[in-house]
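Structure in structure tokens, see below.
We just call them A, B, C, D and E in the order they show up, numbering each chain from 1.
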Amino acid sequence: MRERIAEILSWYESDNPGTRANLVRILGHGRLGGTGRLVILPVDQGFEHGPARSFAPNPAGYNPLYHFQLALEAGCSAYAAPLGFLEAGAARYAGEIPLILKANNHDVLHSDRDPLSAVTGGVRQALRLGCAAIGFTIYPGSSESRIMYEQIRALAEEAKEVGLGVVVWSYPRGSELSKEGETGIDVVAYAAQIAAQLGAHIIKVKLPSAHIEQAEAKKVYEKQPIPVSTLADRVRHVIQSAFDGRRIVIFSGGARVDDEKIFEETRAIRDGGGFGSIIGRNSFQRPRADALRFLDTVMKIYSGEMK
Amino acid sequence: MRERIAEILSWYESDNPGTRANLVRILGHGRLGGTGRLVILPVDQGFEHGPARSFAPNPAGYNPLYHFQLALEAGCSAYAAPLGFLEAGAARYAGEIPLILKANNHDVLHSDRDPLSAVTGGVRQALRLGCAAIGFTIYPGSSESRIMYEQIRALAEEAKEVGLGVVVWSYPRGSELSKEGETGIDVVAYAAQIAAQLGAHIIKVKLPSAHIEQAEAKKVYEKQPIPVSTLADRVRHVIQSAFDGRRIVIFSGGARVDDEKIFEETRAIRDGGGFGSIIGRNSFQRPRADALRFLDTVMKIYSGEMK
Amino acid sequence: MRERIAEILSWYESDNPGTRANLVRILGHGRLGGTGRLVILPVDQGFEHGPARSFAPNPAGYNPLYHFQLALEAGCSAYAAPLGFLEAGAARYAGEIPLILKANNHDVLHSDRDPLSAVTGGVRQALRLGCAAIGFTIYPGSSESRIMYEQIRALAEEAKEVGLGVVVWSYPRGSELSKEGETGIDVVAYAAQIAAQLGAHIIKVKLPSAHIEQAEAKKVYEKQPIPVSTLADRVRHVIQSAFDGRRIVIFSGGARVDDEKIFEETRAIRDGGGFGSIIGRNSFQRPRADALRFLDTVMKIYSGEMK
Amino acid sequence: MRERIAEILSWYESDNPGTRANLVRILGHGRLGGTGRLVILPVDQGFEHGPARSFAPNPAGYNPLYHFQLALEAGCSAYAAPLGFLEAGAARYAGEIPLILKANNHDVLHSDRDPLSAVTGGVRQALRLGCAAIGFTIYPGSSESRIMYEQIRALAEEAKEVGLGVVVWSYPRGSELSKEGETGIDVVAYAAQIAAQLGAHIIKVKLPSAHIEQAEAKKVYEKQPIPVSTLADRVRHVIQSAFDGRRIVIFSGGARVDDEKIFEETRAIRDGGGFGSIIGRNSFQRPRADALRFLDTVMKIYSGEMK
Amino acid sequence: MRERIAEILSWYESDNPGTRANLVRILGHGRLGGTGRLVILPVDQGFEHGPARSFAPNPAGYNPLYHFQLALEAGCSAYAAPLGFLEAGAARYAGEIPLILKANNHDVLHSDRDPLSAVTGGVRQALRLGCAAIGFTIYPGSSESRIMYEQIRALAEEAKEVGLGVVVWSYPRGSELSKEGETGIDVVAYAAQIAAQLGAHIIKVKLPSAHIEQAEAKKVYEKQPIPVSTLADRVRHVIQSAFDGRRIVIFSGGARVDDEKIFEETRAIRDGGGFGSIIGRNSFQRPRADALRFLDTVMKIYSGEMK
């Protein structure tokens, strides 16, 4: 098992020992520790969508301590949340689970077709709270993307100097992308590439569809051709697009859906060479026992204990 | 009594002893000291609405010393004001009452549907004037909200490093919110959540109505369902939305109204688990003796001496 | 006489000895020294309106040394000017008269209904030139007012730390104010309040008319009622609006007008409790001997030597 | 051969020994080392055009290590890439080939007629990764060009202080330029001049056409007249426009085209006094063996081994 | 002769010895050294208009060394150019002629009625290159003028602290000025005043016409009246407008014109009390021998050797 971790680490040898140690902490934690696979619990929906939409389905989730406990009991690799949620539990759960400070956030009290999140946390705060990494969302395709790229550039530079890891949520959005295009395979692969070029250690993208958004890209996908008909194919292409597999790429779950659908997707991620999942609403929007069972299954699929 | 303070402090154990000491100073001061309830006197209306509209009804209020005295005599937990008002009395009343420097302000000499306040004070000035905390207004829903979130992020980071508390006024406003929506229960609960996620120690919101503004939220409020028919219900939901009661949330009084209405609201705040009130115009826009009687009643309701 | 100065100083006890010493320097200088009254000579019109419009009526004024000499001979309390004008004479007249560096300026080579001045000087330059204070113009009512408030906040914080005084010119302007509204009593009183809340030590406003601009304010002025029928009444209300007389407020002269009109205004300022005048064009746009006679009369009215 | 390098270095004697050493490293490396000619491999297309469009034609290119190896084996003078691609291989290939950190990037997920790239890397990162120079794209003609000029000014100042070289990609684009105008001889010559005036050590421009875009320029080209009918003529004029040949100017290859066309262009660059080529897609979008043969021919043309 | 220099220096006694030494260096250099008159060679046209329009008429000018040599041989007082041009020769010609780093630049690849130049150089670079002063262009009348005023304020503050001189090119432009108005006497006089108030040591303006642009100014010019019918009158008025002759004001030559016209203008500058000329295109857009003869005549007019 340590061999796989050593292999993954070999991709990050430009980083200092502090950053590599924090990546090892995340890769070594929880039920999937040492497998090279990850399941991360992210809880920023209170900020991003509002508290009732996020926590009313399972009101225990209003309490920030709940999510620390859930991530711990489920054996997640790390727990990611905005400043306030981390401040509320970082002292009590100090050292028990790798934390990722979600350093920018966005709410839905006003609309914007070309979104730009607010920077709500920083490297000094991540250090103060004992985090292993910072997390940051970019919206490639937004007319404001330049600003986000420059923000993560500055934060990542600072984080790497003090030994933190950098996790980038790369979510295409913007006035020139169709809704379908946001998860089109060409666009998601591009988003993974951008995050990798910006220096992310861990990249989070949405699961791609077979839709191809950009005309110039379409020509290439058809000419070569690049297999994108199955989800595993598409995962494989995204992984390839992130430095030919030399960057950790994980996939997000999105809104609550049928469990079987998620298990199916998890298999596709695994079979396509994906490194894991980041599952928020499907984890905390159900009773704890149910959530533990659900995450147990997801992890078994990744570990290979379950088909 | 100290147990309640200890319980409240346990929610803030990510903060340094300096900040926790300042929270204790506020929670321990005045007639409600040690109860876990707060009544704060805020006087920024001279800047926000103009001097005549604010002080002509009780001209003693033109004098900045008046408000220090009023807060002291009434046994308020703290006094919050902009830079100029604090500079005018901070030396004379040094150490007599916890001060909160209101660090941003807005005037009404020009209109803006998507408001953005000016940053008019900072952490160095708060320290120089012996303040216990800084105060800051955010307008969730404003198209400028990103800027305010980033401003408070920087100010709060600096304040926490030097041992100050952080009080956030979270007032939804903006071109996409209806007037009714600004105090709709979903929007107020969301505003409380955002302030908590931004790292506020004390959150000030307006009392919510039963109106639900956002369509996506409405579905959830109806489906679960979330009780919002009485004011106490709504206060309870707002408290829940601020980390399940693990953040101090207080409610603002608004414009001058009938006293009985305020006492009724105070009971609802108390019964719904609210932590107190921040009462400006209803305190200082009447003769001092009348104001002292009025605040005495409010505090008795919170302390339980009065039903 | 020293008692009045001591009384005035008692309003500024949040300031450090350096700043208080500079306020004493201004209050103690010239013919009105020690009376608590001030007459300041400001010469920024070369920048603000152009050289010919400013100096052609009395060409001696093209020479920057002229104004130092005029302020000295007339016994003014201080001389205020932009960087260039001060640089041109600060060495020759070092220590002879308190200087105020006008730290922002605006020209009329392009129009703007919502003006924003350029910051053209700073605290380091004020120190280098031996100034007692910095001066800064804000335009409440301008859609750019937020930027100016934040600029003076930063400059004032720095100035106060190094022992300088802060003089704020508060001139309402902006696309939503009527021309008449710029000097309406409600608007001028509001402008004085804003400057005071921003931390100004000395506030300069225009003489107000009896016009009331804002509907919400009108209700209050009529209901209480607030006397504004005579100029002395209005001066009194402006003084009250600047912390109930606990901030030094002086009034500007504006364009060249008939001398008797100015003497009449001076009496109203004096009788309404105003602290003095800042008189530019009416001083330097006439021959020196005439200007000295004119200023002598103004000062005699303030000192009480003349009715 | 050292004489030519010494001659080139004499143009840069305002630079410190650190920067001159890095220029020598680039000029001395690879097959053309010491000739005063350069062939640089740039791989930023993954960011600029997307991964599939860039790497699907030769999937080995998805792997960042591939390009280090290709540049090494082909005997290129340097390898230029964005942060992520360099981080992925800088440790493994430390010291083996001069690296250029491409410090700004742009993607095509949204359109902009007046482009502005995001700053994605900096001088500290270039030093951390052992680079010899930073690279930066400016778009003269863009309404945002002012911002880019100020960005490179700051980056170049910092780079020169720590002994790095500065390579500027100068690509005219913008809403007022016709498509043809972007490579018009007057515009390309102007772009080379601007890069030189901004302090670039090495300038990269596109090969110019005989089109003349600007009316004012056209008069001069016709009056003097300036020979621009052959490609070698035009290269000569661009070199002249970059300080009369006293700055290193190289030319870019653009999209994949017929090899013979490139060899023809290479001869024109050589004969017109150009310093070399920067060839991305034509190098890495074909199998490695083919690419090595192709680059071998290009270098032979430059070295004179081949006509 | 030294008396005139001493007199000029007396106007700058707020400056530190370092800055005064650099002004002496400029005033003491070349054929007009010690006369109090200046002729400066500026070469920023390569950036501002493009290389062919600037240098094709005399191709020797493509070479940056040419201009150093020309300025030296002609006995100019100083040589002013952008960063790149200075970097290319500052080491070779170290200490031979005072250099002025032109710290902002603008190109014509896109149009702007309200121009704003890019800051392309700074004080650290001026020091590194051994310059005597920095040069900076402002466009009074541009809606972006506020930004330029704040840029030069910061640069000038820094320059003066390290002993450099400050030269300001003050060129009225902007959407509200007519083409004729850009050189109208009222506007040019105003531009000179603004530069002086911003703290310039040396001011460069265009030669004014008798046109009066601004209605408010016209009244004053007619009422007083101010003589503006001859060019010498107008030069005299501009000098008066720059602190009554207590600032060095020089005049620019503009595009290539007939030599006699320039000699005529030079006499008018001399007779009106102007301090000299800054002559670019008329100097370097002709063969060297011709240029030397031409500049010789200009200097003889200034020195009085020629009528």
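Simple rule for what comes next: a residue touches a chain if its C-beta (ideal position, glycine included) is under 8 Å from a C-beta of that chain, and two chains touch if they have at least 3 such contacts.
If you're wondering where the values come from, they're calculated on a predicted model, not measured in any experiment.
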item: Chains in simultaneous contact with chain D and chain E; value: none
item: Chain A and chain E: spacing of chain centres that average the CA atoms, whole Å; value: 58
item: Intercentroid distance (Cα basis), chain C paired with chain B, Å; value: 36
item: For chain E, residues contacting two or more additional chains; value: none
item: Ring walk, chain B to chain C and onward; value: B, C, E, D, A
item: Contacting residues of chain E [partner chain D, same complex]; value: 44, 46-47, 49-53, 56-57, 59, 62-65, 82-88, 90-92, 105, 107-112, 116-122, 124-125, 128-129
item: Footprint of chain E on chain D - complex, ascending; value: 11-15, 114, 140-143, 145-147, 149-150, 153, 157, 172, 174-177, 186-187, 189-190, 192-194, 196-200, 214, 216-217, 220-221, 224, 226, 237, 240-241, 243-244, 246-247
